[in-house]
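Note that the chains are named A, B, C, D and E in the order they appear, and that numbering of residues resets to 1 at the start of each chain.
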Amino acid sequence: MNAATLAGLSGAALIGLGLYGVLTHPHPLRKLLSFNVLGSGVFLMFGIIARKGAAAGLAADPVPQALVITGIVIAFSATALAVALLLRLFAVDRSATLRPDATIERNDRSDA
Amino acid sequence: MTIIEALDIGLAFLVLGVAGWTIAAHEAFTAVIGYVVYGLLLALVWVRLFALDVALTEAAIGSGVTGVLLISAAVRLRASEAEMMHERLGIAPRLVAAALCLVAAAALAAVVLDMPDPGATLAPQARQPLAELGLGNAITAVLIAYRAFDTMLEKVVLVLAVIGVWSLSTDANWGGLAGPTRLERTEGPLAFLAQLLPPLGIIVALHIVWVGANEPGGAFQGGALLSAMALIVLMARLREAPAIGRRWLRVALISGPVVFLAIGLLGFALAGGFLAYPLGFAKPVIVFIEVFMTLSVAATLPMLVIGPPDRRPS
Amino acid sequence: MTSLLVWSLAVPIGGALLAFVVGGRRVHWFALATLPIGLAIAIAIAAALSRSSGPLLYLIGGWSPPLGVALRADWLSAIMMVITAVVICGIAAFACGDFISPRPAEARRPFAFWILLLALWSALNLVFLSGDLFTLYVALELLVFSAVPLVCLDGRAETLRAALRYLLFALLGSVLYLVGTGLLYGACGTLDIDLLAACLRPEPVTLVAASLMTAGLLAKTALFPLYLWLPAAHAGAPPAASAVLSALVVKGSFFVAVRLWFFVMPALPGEAATQVMSALAAAAIVFASLLALRQDRLKLLVAYSTLAQIGYIFLMFALAFDEGSGRMVQGSALVGGMMQAISHATAKAGMFMAAGMIYASLGHDRISELGGIARAAPLAALTFLLAGLALIGPPSSGVYLAKTLLLRAADNTGQWWWAGVLQVGGVLTSAYLILVVAHALAPMRRAPTPGHAAIPRLQQAAALALVLCSLVLGLVPWQPWLPLPVAMSGHGPLGLAALWSMLWPILIGVPVAYLLGRRGNRRPWRVALWLEDADRLLRQWPTAGASLVAVAVALAAAMFFGR
Amino acid sequence: MKSVADIFTIVAVCAGSFFFLAGTVGLLRFPDSLTRLHALTKADNLGLGLVVLGLLPQANGFLGGLKLVAVWLLVQLAGATVAQVIAEALRRRGPPP
Amino acid sequence: MTEFLLGAAGFILLTVTVGLVRILAGPGNIDRTAAAQLLGTGGIAALLLVAGATGARGAEDVALGLALLAAFASVAFVNSVEQRPSDNAERADP
């Protein structure tokens, strides 16, 4: 059990955890947090693949590591966009729910 | 079991524990604090995986800038949480979800254990042209030479994210100062920090960009640290965020992808192909691109964190 | 010549970045200036391809794979690029009516729309051209980042919520795709499509990777049952944006799925997995078409029609599987699927625009109150009708050609049940079109709300042109690009039999529309209520998320055990 | 000479670890936020300071040593600021119960 | 020497982990922020020790980055709480 395999297993576990959070948390911010945990699990998988590719005097294969850096940047941009959307939704609607017909239901209630 | 193995196992459990806490926490704010800690621990894990470049990125983004973004979001969204309590799932759906996620995680774990070690690698191929490019850091070579195209597109993604965030403003507020309405500037420790830290941070960031050619570091990591310095100045309200229509801001935001694209197209004329670097001049060209990428990252991340303009243009 | 591949990406990206930095009220000038160049480049690539013996190849920076990234244009890329360019031009013409800054200053909506349109175009071109799985990931992200803000340009709560749901679900899909990419790299040490195709063996790593990537792509394409984000997002966006989203954006992830199955790993999925894919597609066709009948708003009906059409383009997966070699073959089934995709792209863009114009002239889009639209906005109504017809597929249309190819593939592989699904789908498509027509022909209930300006000519022309384009796609001489069977060459048969093949679904569609359609306050069939309940359930986040994982697990199981 | 440096490292790092322990114990045991903050700053100041001091002989040349000291100074600055800012936030909330 | 440094890193991480219990317990967000701060410092110390032990190149730069950002979470917290005077410190620490 070396560091790389351990990190790979942690990565798999983090993917499972993150996925569970994304599926079950109703609040979008919590979904987003879980998504980030999920993403970092995926990046760790890349990390173990890089580590197993150590060769030619390099401690790890640089290609997957570089992909992880690109991936982190994209995940951050996505998080920022989602947070902005979420804050705007809350500002407009005073609610952050993701239920599909939330606005329609509220309109119905206020009509009644 | 050697001591380093024990440390690795302990670290793995710690990371999993904090991640579990982030998922399971009752309040969003607590979960976010957990995530900040988690980002820090991940940086340690990346150091153990001999991915110092990634560790730097994770430190700057994962626990730094993302932390700021999520903490302020959690505070602003506090009022929304109570209303959503009743949407929590019952135990049966949770179990179904848990079972499905367990299957997915188990499959991935099995696959990881099954992978050959040493596995497939491009390390020898990636290492060979380093001297010709004048670089010592193979990751920088991947990012800015072999897969330069991806890196350029990733910078375009950042610009698109800014447009997306800005588009969430209102018609009336378009052209106003970026970010939410703020109170008057603070005095005291925060202002002190915000005056003292940026000069130091700029030195560190430039150092990290500069050594990126040969050592861990590079444009993105340096740019992210610079953006953190800009954020702390904004948070202490020493400076107002610029209006989104300011020309210098727009130029700074796109400077990275535009310079990258322009040099790529110049490659047609000078080096026989798109994103090809002229023989013997690769290093200066790469440094030139990195400078502008640093600038645009440093300008982009604060814009993404502080959000759309929320005030009428004056 | 191959440098055209680079220019097809650099031109829209450069246009978008320039528009961003210059800004001001004339942002649209940059987009409008870029359009003809982009269209010309796409056509030039197609022309070059027809003269070339194989795919066009460009190595970026001169670094050859596996280390570098290659751009590749084959017949799939070429036809998708040309159609995309045509549709984008049509949409841009339409958007000139809605997205020009009225004030002398820069305005939010035009600024975001035009830049994102260009970015979206470059993202699509990249999807079509990329020869590298990670570059494809970046392309898909570019696509999401440019599509999501388009959904909520009007800033209403519903659309913001729809955009957020879309973004989160698409991100979940991306991340699954990304895991698979990493695993494939671990297996072969490359991400290049051709090199992977030569290297991949059916082993646990690659099968897990394949199923995760496929599930992620299905989530992004909104194939049944993973469609929770689509109806609200597509129906709530401004018409020009709806047209882009429905016509083009979902085709991006679909295209990646095709690349993955047919080019990266043709021998990996095996028969059972292809049947799973087509079963989902068939469910999409039937379920979404029935739900289209149950909508009370025109744009929602069109959105559900898109869901059904996504089913059509995925139906080919089982038909393209060759039992003898155990591989996916790039034959008439694939051509049929792609033909369906491009016909739908053109027709649906026109249909959403028509729905938008109808909304603009009536001030609402409630189907039950469409009466009198034929007089209020005759050309918009006609465009809608023609777009619906194009989806049913009269001879000469692209859909007709697609259906013929798919039916032939079903016949050749002895899978009559998928042929049956196609026919049922045709009947249901006719049914929801008839429902709209029946309401539209009713007398006007009340005078149209005053204050709604006349629809600009340009908008009417753009929508009609795209729909007509879809109607004549079947007449295009495709031979230089597509591997069409010899018998299909030239013009489709225009005889009585062909006409009948279009007429009978319409005839059956009438009673179906009468029985299942939403009509006033009449108590619907219980089946219809069940359907609506199922739809509501599937649009809940936990259900959709669990379905996503379940689809991945099912695909993996099918790949493991069904070979 | 090597062994002297090593002994120095061991002593300093041990002392540093002790202060981390002390900081954690304080964080856990002290009754209210202000005293907890006190414990926290002790750990920051002394724990990391001693660890850095201990690592200096092992540092990677002058630049490496400089970086180590810079790390310590930056954490000092951060710790001090955060302690003050949080204390202020607590003060504004009113006197501790 | 290597073993000693690693052991010290493990020890510091362990103690700091116990500090995490503080986050779990609360009671208020201020305590949680403070605990995150402590864990940050401990993490930097552990990173430096591990780097000293394994000689990983460039670890000091990672530590520098982390040190620069050490105050970030806390500052963001205080800052966003103070942004709206209406729900000031009471809301911050219920």
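Keep this in mind: a contact is a pair of C-beta atoms (placed from the backbone, for glycine too) under 8 Å apart; a residue touches a chain by one contact, two chains touch by 3 or more.
Here the structure is a predicted model, which is why all the values come from computation and not from measurement.
*Asks:* Chains touching chain B and chain C alike, please list them.
*Replies:* Touching chain B as well as chain C, we find A.
*Asks:* What's the minimum number of touch steps needed to get from chain A to chain E?
*Replies:* Tracing touching chains, the least step count from chain A to chain E comes to 2.
*Asks:* Which chain has its Cα centroid closest to the overall Cα centroid?
*Replies:* A
*Asks:* Which chain's mean C-alpha position is the greatest distance from chain D's?
*Replies:* C
*Asks:* What's the chain with its C-alpha centre farthest out from chain B?
*Replies:* Taking each chain's C-alpha mean as its centre, the farthest from chain B is C.
*Asks:* Which pairing of chains accounts for the highest number of C-beta contacts?
*Replies:* That would be the chain pair A-B.
*Asks:* Using mean CA coordinates as chain centres, what's the gap between chain C and chain E in Å?
*Replies:* About 47 Å separates the centre of chain C from that of chain E.
*Asks:* For chain A versus chain C, what separation do you get between their C-alpha means, in angstrom?
*Replies:* Whole-Å distance between the two chain centres: 26.
*Asks:* In whole angstrom, how far does the Cα centroid of chain A sit from the Cα centroid of chain B?
*Replies:* Each chain's C-alpha centroid was found; their separation is 13 Å.
*Asks:* What parts of chain B, by residue number, touch at least two of the other chains?
*Replies:* 4, 48, 50, 65, 76, 89, 93, 97, 100-101, 104, 108, 115, 119-122, 126, 146-147, 150, 154, 157, 160-161, 164, 168, 190, 193, 197, 200, 204
*Asks:* Among the residues of chain D, which are close enough to touch at least two other chains?
*Replies:* 70, 74, 77-78, 81, 85, 88
*Asks:* For chain E, write out the residues touching at least two other chains, lowest number first.
*Replies:* 33, 35, 61, 64, 68, 71, 75, 78, 81-82, 92
*Asks:* According to the definition already given, which pairs of chains are in contact?
*Replies:* According to the stated criterion, the contacting chain pairs are A-B, A-C, B-C, B-D, B-E, D-E.
*Asks:* Which part of chain C faces chain A closely enough to touch in the complex?
*Replies:* It comes out as residues 67, 134, 138, 141, 144-145, 148-149, 152, 155-158, 160-161, 163-165, 167-168, 171-172, 175, 178-179, 181-183, 185-186, 189, 228, 232, 536, 539-542, 545-546, 549.
*Asks:* Mind pulling up the chain B residues that touch chain A in the complex?
*Replies:* Of all residues in chain B, those touching chain A are 4-5, 8-9, 12, 15-16, 19-20, 22-23, 28, 31-32, 35, 38, 42, 45-46, 48-51, 53-54, 57-58, 61-62, 65-66, 69-70, 73-74, 76-77, 79-81, 83-84, 87-89, 93-94, 97-98, 100-102, 104-106, 108-109, 112-113, 115-124, 126-127, 138-139, 141-143, 146-147, 150-151, 154, 157-158, 160-161, 164-165, 168, 220, 301, 304-305, 307-308.
*Asks:* Note which residues of chain B are touching chain D in the complex, please.
*Replies:* Chain B reaches chain D through residues 188-190, 192-193, 196-197, 200, 204.
*Asks:* State the interface residues of chain A toward chain B in the complex, per the touch definition above.
*Replies:* 1-21, 23-27, 29-30, 32-34, 36-37, 40, 43-45, 47-63, 65-70, 72-74, 76-81, 83-88, 90, 94-97, 99
*Asks:* For chain D, which residues are in contact with chain B within the complex?
*Replies:* The contact residues of chain D facing chain B are 70, 74, 77-78, 80-81, 84-85, 88.
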